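Consider the two complexes below, in which subunit A is the common component and subunit B and subunit C are the respective partners.
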Partner chain A sequence: MKQAEKYLWIGCTAARSNLAYAGEVIYRSTFIAVILYIFMRLWTVVYAGAGSQRIGGLTRPQMLWYLVITEAILMSTPRVAAEVDDDVRTGRLAVHLIRPLSYVCGHLSRAMGDRVVRFGINLAVGAVIAFILVGPIPMSLPGLAMFLAVLPAAFLLDFLGMFLIGLCAFWLESTSGLVLIYSRAVMMFGGMFLPLEIYPAAMQPALRVLPFASMVSAPGRMFVNPSFRHFGEAIVIQGCAVVVFAIVVAMVQSIALKRLFANGG
Partner chain B sequence: MSRGVEIRELMKNFVLTRWSGLRRRVSDVVAVDGISLSVPPGQSVAFIGPNGAGKSTTIKMLTGILHPTSGEVSVLGFIPWRDRRRLAHQIGAVFGQRSQLWYHLPPGDTFDLLSRIYSLKREEFVRTRNVLIERFNLGSFMNTPVRKLSLGQRMRAEVAASLLHRPKVLFLDEPTIGLDVIARQELRNLICEWNRNDGTTIFLTSHDAGDIEHVAERVIVINHGQVVVDDNVAAVRRKYLGAKILRVQFHEVPRPVLLPGVTVLCSSEYEWKLQIDTAITPVRRVTSAVLDAGSVADIAVEDPPLEEVIARIYCESRREVPS
Partner chain C sequence: MWRSVLDYLHLAVAYMRINIRAQLEYRGAFFSQIAAMFINDGVWVVFWMFFFTRFPVLHGWNLKDVLSLWAITTAGYGLAYGVMGNAHRRLAPAIVQGELDLWLLHPRAVLPHLLLGSTIPSAWGDALFGYVVYLGFIRPDAARAMMFVALSVVVAVVFVGLGVMTGSLSFYVGNASTLSDQWRDTSITFATYPPTLFEGKVKLLLFTLIPAGFISYLPVEALRSLSIANLFVAFTGALAVLAAGVAMFYHGLRRYESGNLISING
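Moving on, here comes the complex of A and B:
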């Protein structure tokens, strides 16, 4: 219980630290307004051209609200890989390891604290814009519950992916290239701009199984068009991906810490 | 083994891989080479050495961050790399160049968080925090975000934060780096006071001779991974620099003194500063010659600055151990 409490406090402290910059976070999240406006115009043309009420199973308002969720998720990504990279490169790792804490859990708590604040602000700004542009989205209690169940797992999965990249600093000169590839993969294969249903049919099974969809598309889909079938599928894929990522992270961290050099203070 | 710090035949080798074209060359670098020493509880020790001497590696093995290649270590009865988490409750560390305070939050918030991390009882934490606030004079900025503090204030808060869980051993790595003279002196006094009153064992790493002189009672010099000197500060000064500094002020212009082994460091009409090589001429002989040279207003025999002693030890150990 005390173990859980200390990690909860790290998360709360990270959240409070982020709020010290609330003005800046709100300012940055206004970028969502620009993106939503552009996509609103784009989708209006696409829906008119298709002559259909639904594309990829979503109506035009649902499509915009889907974009609000996926943008809010992507724009709230904490700098986990860069922080781990920095810990390794500057020797700051020692400050973490000298505490009665798990290195990975400490970072996880911090990342979650960061993310909750940023996601909340992004979502609030995006929701206001979407409300003005297309009106409210009908939501049910089970739908909200499914969204809230899928969202933390999506954050956890993204954290593990970025943490793994950060650990590569033990072997690589710089991890920024990997971070760039990873973030683009999340955007493209995660279904940030387009729901996976719009991708070519041949690609869809592979995209659904990849962890990227579990990080972005799954919460977006649960928010705008929840269904028990999609929820079950998302939870199973997320669960499997979290287990696999966690095992890989544990193994890589164990190997990495044995490689730890202590020179340079 | 005692409940202080015990090290026996500690060794750490790093494997260094170098590529020369497509050929891979693997070499062994000895960072720590058979160190043995014992630090009783409550002692303040300066652990010093030139860059790359192996002191950081040793400290990281003492804190459980690194596994040694061979040898035994016991810190407060724990084997650090095996009991890292349990040992972490008993030790504290201050890294002068790496902050543990949350940059955008006041120090008080970090203190609160640390109390949870170390699972401190609320009343125990509040009591220690209040003592630290008073002793380290933190009251005026406890609610100011760390980013708005001066370096001196931040370092006082850093040291206080590392003492919140009342560690039995405190590792200080360059705690006064970048501080001005007054802030440096204040911090040294606070560390000394805490060592005296709380009986905390201090393990200080610093390149600043002043830190060593003011904080440590014992100095361990390490070079090329080996202990080259292990003695108390005053003894090291005596042993490693057979020289004394003599300052004299005269009422009148003195007659010149010419003695072997005596060098004039600086002189004015009524004042001399002499360096005496005691191996050539004893201090007693020089002082009596100086007293005969004119009417003396004031005279003082001083030890040479510790910085010179350290520089000499480094040079000697470099000559003895080929790199």
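Moving on, here comes the complex of A and C:
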């Protein structure tokens, strides 16, 4: 219990320090307005051309709100890989390892505290813009509960992916390229701009079981058009992906730490 | 005048050689950043491929047009910030932190030295991507290929002008790093979507405050129509953006306060 309190405190501190710069975070998140405006125009043209009320099972307002959620998720990504990379390169990792804290859990707590605040602010800014551009969408309490259930696992999965990339600093000169490729894979295969239903039919089954969809598309879908069938699928895939990612992180970390050389000074 | 232009071209070549050599000290990181940016741009093209597979025409624009849009934007961006890396994200913080002292000591004009002082490794990935996509996927005839090369230089001029303009905000409003990034990123974001999506006042904005029109819309129109008149308009627009940036920089420089920093450009 004491252990959990320790990590909770780290998370709360990270969240508080982000709130101290809320103005800066809000200012940065205004870029979401540009994205939403462009996509509102894009989908307006597409819906008008298609002559249909629904595309990929979503109406035009639902499509924009889907984008609010997926953008808010992507724009709130903490700099986990860069921090781990920095720890490895500067040798600060050795200092972290002698603390009475798990290195992974310490980073996880910080990243979650950071992300919750950033996601909340991005969501608030995005919601205001979407409300102005297309108005509200029908929502339900069970739908909201499903969204809130899949969101933490989405954040956790993303954290593990980024942490894994950060650990690659033990072998690579720079991990910034990997971070870029990973973030684009999350955007593309996670269904950030296009809901998975719009992709070619042959690709959809593969995309659904990839972890990227659990990070982005699942929360977006639960928010705008929830269903118990999709919720069940999302929870199972998220659960499996978290277990697999956690095992890989543990294995890579144990191999990486054998390569650690610390010099006093 | 031509002698002066040639002198500055030689200076640019010398800086490029030094900057690339410096990057090659960490060649693994350098090449991985180029490859990552190439893949990053490729992901966007794949997005548009999926999009046009489902919705074949978008207000008269098809996949080929959007590929041209991406090719010209990335090629111009890559050339601009590959050669003049300090026009990217470095200018605004350098002004605030009083780091211009080093560049003010050079015997020639400040701005060229400052801009040429570094390279952005990933920008070379953008440049490579632009040329590969246009020449490999669009497969243009000789005239269009030549026009693409000319236009990529024109777009690079717009990007440098935009970088100088946004970075120079720090002379006027204090730390403008975030504002500068937002302004440039907004321009790039608008530039990578078909112009037919926008109309009215927004379109006016895209040819003035947010110069996306000069980054991609006019160049793509020039490529589609193979029109020298459009090329001339794109070139004039690029010079106007650059002139606005240079004017803002030198006007702002009068307000610059030294940071009393001792630094070495290595």
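FYI, the second predicted complex is superposed on the first by the 262 of 265 C-alpha atoms of A that agree within 3 Å, B and C clash if a C-alpha of one lies under 4 Å from a C-alpha of the other, contacts with A are read in each partner's own complex, and residues count from 1 in each chain.
Simple rule for what comes next: a contact is a pair of C-beta atoms (placed from the backbone, for glycine too) under 8 Å apart; a residue touches a chain by one contact, two chains touch by 3 or more.
All values reported here derive from a predicted model rather than from experimental measurement.
Chemist: Specify the outcome, clash or fit, for subunit B and subunit C once both structures are aligned onto subunit A.
Modeler: fit
Chemist: Return first, second, both or neither, reflecting whether A:Val46 touches subunit B, subunit C, both chains, or no partner chain.
Modeler: In the superposed model, A:Val46 contacts subunit C only, not subunit B.
Chemist: Give one of first, second, both or neither to describe whether A:Leu172 is in contact with subunit B, with subunit C, with both, or with none.
Modeler: So A:Leu172 only meets subunit C here.
Chemist: Touching A:Phe31, do we find subunit B (first), subunit C (second), both, or neither?
Modeler: The answer is second: A:Phe31 touches subunit C but not subunit B.
Chemist: So, does A:Lys258 touch the first partner subunit B, the second partner subunit C, both, or neither?
Modeler: It touches subunit B, and subunit C stays clear.
Chemist: Just subunit B (first), just subunit C (second), both, or neither: which does A:Leu97 touch?
Modeler: A:Leu97: touches subunit B, not subunit C.
Chemist: Between subunit B (first) and subunit C (second), which does A:Met188 come into contact with in this model arrangement: first, second, both, or neither?
Modeler: A:Met188: touches subunit C, not subunit B.
Chemist: Measuring by CA atoms in the overlay, how small does the subunit B-subunit C distance get, in Å?
Modeler: Once the two complexes are overlaid, subunit B and subunit C approach no closer than 14 Å between C-alpha atoms.
Chemist: Which parts of subunit A are in contact with subunit B and also with subunit C?
Modeler: Common to the two interfaces on subunit A: nothing.
Chemist: Enumerate the contact residues on subunit A facing subunit B in the complex.
Modeler: Against subunit B, the touching part of subunit A is residues 2, 5-6, 9-10, 13, 16-17, 20-21, 90-95, 97-101, 258, 260-265.
Chemist: Once bound in the complex, which stretches of subunit A touch subunit C?
Modeler: 24, 27-28, 30-31, 34-35, 38, 41-42, 45-46, 49-50, 172-174, 176-178, 180-181, 184-185, 187-188, 193-194, 198-200
Chemist: Touching residues of subunit C toward subunit A in the complex: what are they?
Modeler: Those in contact with subunit A are residues 26, 28-29, 32-33, 35-37, 39-40, 43, 46-47, 50-51, 53-55, 57-59, 122, 178, 182, 185-186, 189-190, 193, 196-198.
Chemist: Write out the stretch or stretches of subunit B touching subunit A in their complex.
Modeler: Listed in rising order, the residues of subunit B that touch subunit A are 14, 31, 52, 56-57, 60, 63-67, 84-86, 88-89, 91, 93, 95, 97-98, 100, 102-105, 109-110, 112-113, 116-119, 145, 171, 173-174.
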